[in-house]
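What follows is subunit A paired twice: with subunit B in the first complex and subunit C in the second.
Let's look at the complex of A and B:
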């Protein structure tokens, strides 16, 4: 299969076109406006998923694509780049937004729909897609801003005081993260003279160690703030429980994961040796993120507050995978990154399923407070079962995707000799299990409290189907990854090998580089302890 | 109600600022200016009329156009990129030269993109300014709750 590189404009252009079409009807009379916008959003999300799946198949067959915007050659213009890692992320986010769409149709109230919720979904998707495919550091910042703006609008739609409060915290702390990214881009341009990621990769090895450390540190802070790692996660628990449950579900599948993806993309490409040099620090961040996230979850009084602390906790596992990415182990270099990618996929599926399931309960009962819920297993047996399976998947029970991800990460950290973090991750898994069982017990077990009227306009039956099916699909996919572990592992292995293949990235983006430039990618700088010989692929 | 002087200033200055905005947009390709700045200047002109006539009257006049304007702007920007595909790739710069009498006018897709940016910025900025002044007016109105507020 061959694809023309111009298709790489589509992940950004498609959502933008349909979003713009939806905005045209913003002044139409409300019922028509909402119907038209829903239709455009549905078509846009569907088309985007088809596109993402085509790109995924292309990339998993070993294909890589780069496109130069406006045909300006590589170091000067803006490049966009596609490999298996990019394609997996595009497909996952495309899939999540399609799956969430019926839930949104069933539960978004008229006021939010009229205020433009549905076009905003597409703008959020456009920001995420752009951040995935871009091959330019400044362009990455631009797409982060697109994401930030559209997510801020989604967060504050409805305009209750708690939403405004959470929204301001969210936007201020995230803007600080964006500032760090901008600063990193500025320093990169000032010292290396380029913003093209391929070009940065070529020149980074020749820069002084201090410059590398400053850029890497700033990027770590910027992406860490987006991904909600320790100590930069405060914006997440203070804002995620305030908006409509659908919005929380979308955010958990997209926002923090974009930050994680950016780490996966930039660190192995720019300075793979730093992943080893800084391993103790990364391990500390990973461990503290896991522990504080899961301990915080025990103190939470509502479903969504509790689940948002688990989002943080699970991010720690991905950082752990990244930290051992360049360490040689029995599984070869890069296997840690592969598992981190697999864990990210698993987390997107399961976390979104839990937040949708919890959101359905919250909408049905009119409250998310744990001490006001109980005994729902009789009222909503299907939801209760799905929630339990998703909770076990989050905790890492077989045969779910969580089991594969956690077992793999444990093996690779043990094999890399990092037994402390491995022990921490086991304890955190146990605590996660306890916390999730406690949550399930509070909500679905015990004596039923008085039922509240429905919070949305649909009939109960309609709403039940449209809110249960998305959760069922996500849980089924999690089980599928757990059962068909080998194909899933092969897939992420391809992605990880391409992500650590620096010479390959540079050659695809900028084919006119000389042999000496490429040679500089193969030899690590003097400070590095480990050969980056993984360039040839495992 | 609104001040007579402000209304006079609005009557004279608003069209001039709008013209400045259009000028900034046109010179933007080679000189300082461009769609983003032009959009902000244009929004400043509207802000003047918000101050002079009040947010309500301004919303009545421009309100229904704002969101579609953002849509049109985004659409124009994407179309500017798509036209480039005809020339070989997305966002490829394409130019036409028009001769009006002796003067040459160069029009291209980068300017079309800039136009889209300008429309989006106008729509966003005015929406934002209107919301702000509506909130401010509501806040000043509540304590007195009637006519006769002196300044």
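Let's look at the complex of A and C:
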């Protein structure tokens, strides 16, 4: 299969076109125009998913594409780049938005729909897609802002005081993160004289260590703030429980994961050696993110507050995988990154399923407070079962995707000799199990707390096919990854190998470089000494 | 010297911005964010060579590659322009949010700030926070009041069996 590189403009162009068409029908008048917006959003999301799947098939067959926007040659114009890692992320986000769409159709109220919820879904998707495919550091900043502006609007749609409070914290802390990214881009241009990622990768090796450290540190802060890692996660639990449940589900599947993707993309490409040099710091960040996230979850009184702390906790596992990505182990260099990518996919599926399931309960009962819920297993047996499976997947029970992800991460950290973080992650898994059981028990088990479930004057949302099917699809996909683990592992292995192949990236984006430039980019092969020691442990 | 002055200015702006953000009060928050975005924009400006009086306008005849290094670099300015537009949009959004919060709650305080205001007897708080509390409220009552405020539950405490 051959694709013309121009196709790489489409992941940004499609959502933009359909979103803009939807905005033309923006009006205070209900409800026919909202129907048109919904139709445009549905078509846009569907087209985007088809495109993403085509790109995924192309990329998994080893294809890599780069396109120079406006045909300006590589270091001067903006490059966009597609490999398996990009394609997996495009497909996952496309899939999630399509799956969430029926839930949004069923539950978004007329007021939010009139305020433009549905076109905003497309703009959010556009920002995420752009951040995935871009090959230019400043362009990455711009797409982050596109993503964030749509998320600001979605977060505060509805305008209750708690939403505004959460919104202000979210906007301020994310703006600070964006400023760090902008500063990193500026310093990169000032010291290396380029913003093209391939060109940065070529020149970074010759830069003084101080320059590398400053750029890497700023990028770590910027992406860490987006991904909600340890010292920078405060915006997440103070804002994620405030908007409509659909919005929380979209955010958990897209926003923090874009931050993680950017780390996966830039660190192995720009400075793979720093992943080893800074391993103790990354491990500390990963461990503290896991522990504080899961401990915070224990103290939370509502479904979504609890789940948003679990988002933070799970981010720690991905940072752990990234930290061992360039360490030689029994599985070869890059296997840690592959597992981190697999864990990211798993987390997108399961977390969105949990938040949709919890959101359905919250919408039906009119409250998400644990001590006011209970005994819902009789009222919503299907949802209760799906929620339980998703919860066990999050905790890492076989045969779900969480088991594969956590087992793999444990094996790779053990064989890289990182015993402490492996122990921490096991303890955190145990605490996650306890916390999820506690959540399920409070919501679904026991005696019903109230005969009349509704309060706050909200309209009842009956649990229907539209709200149950998305959760069922996501849970089924999680089980599928758990059962058919080898194809999934092969997929992420391809992605990780391409992500750490710096010479390959540079050659695709910027084919005019000389052989000496490319030789400096070769990643060192795994040493054989570690291999023999770790094989017996597996 | 120019570069040093610029670096100093960026540092001072960043420091002032960070200080203002950490103060209580929403207008200070907006001003602090403005200062920080200015600081970052100036830092971007400093990444190009600070060439004076050499605009990057190439003469029609006799242009050589060697001339490129003598001009001022136009790229940082293009980056700054983009960044200014984006930060302007975000700042406008924050101003609207703050105005909205003021209209909804009638106070300049975020949940969690009340205890600090009461305990430090802030003369600029603009209202008497004790008026919303029962007589002889101690620190625990204030904290409980704020938690209830956060969870929108005025009367009951959160108890798990």
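Throughout what follows, the second predicted complex is superposed on the first by the 507 of 538 C-alpha atoms of A that agree within 3 Å, B and C clash if a C-alpha of one lies under 4 Å from a C-alpha of the other, contacts with A are read in each partner's own complex, and residues count from 1 in each chain.
As a working rule, a residue touches a chain if its C-beta (ideal position, glycine included) is under 8 Å from a C-beta of that chain, and two chains touch if they have at least 3 such contacts.
Treat the numbers as computed from the prediction; the structure is a model and nothing was measured.
Applying the stated clash criterion after superposition on subunit A shows that subunit B and subunit C can sit side by side.
Look at A:67: by the touch rule set out above, it reaches subunit B but stays clear of subunit C.
Contact with neither subunit B nor subunit C is seen for A:36 once the two complexes are overlaid on the shared chain. Residue contacts after overlaying the shared chain place A:292 against neither subunit B nor subunit C.
Once chain A of one complex is fitted onto chain A of the other, the partner contacts of A:26 are limited to subunit B, with no touch recorded for subunit C.
With both complexes superposed, C is the one of subunit B and subunit C in contact with more subunit A residues. When the shared chain is aligned, no partner comes close enough to touch A:388: not subunit B, not subunit C.
By the document's definition of touching, neither partner reaches A:437: not subunit B, not subunit C.
Across the overlaid complexes, the C-alpha centre of subunit A sees subunit B and subunit C at an angle of 50°, to the nearest 10. Legend: residue contacts after superposition of the two complexes on their common chain; A:161 is shown touching subunit C, with no touch to subunit B. After superposing both complexes on chain A, the closest C-alpha pair between subunit B and subunit C lies 6 Å apart. Subunit A has no residue lying at the interface with subunit B in one structure and with subunit C in the other. Here subunit C touches subunit A in the complex through residues 21, 26, 29, 33, 36-37, 40, 43-44, 46-48, 75-76, 79, 82-83, 86-87, 89-90, 93-94, 97-98, 100-101, 104-105, 110-111, 150-153, 158-161, going by the rule given at the top.
Interface of subunit B with subunit A (complex): residues 64-65, 67-68, 70-75, 77-78, 81-82, 84-85, 88-93. Partner subunit C is touched in their complex by these residues of subunit A: 138, 141-142, 145, 148-149, 152, 156, 159-162, 164-165, 167-169, 171-172, 175-176, 178-179, 182-183, 185-187, 189-190, 301-302, 369-371, 442.
Across the complex, subunit A meets subunit B through its residues 5-6, 9, 13, 16-17, 19-27, 67-71, 116.
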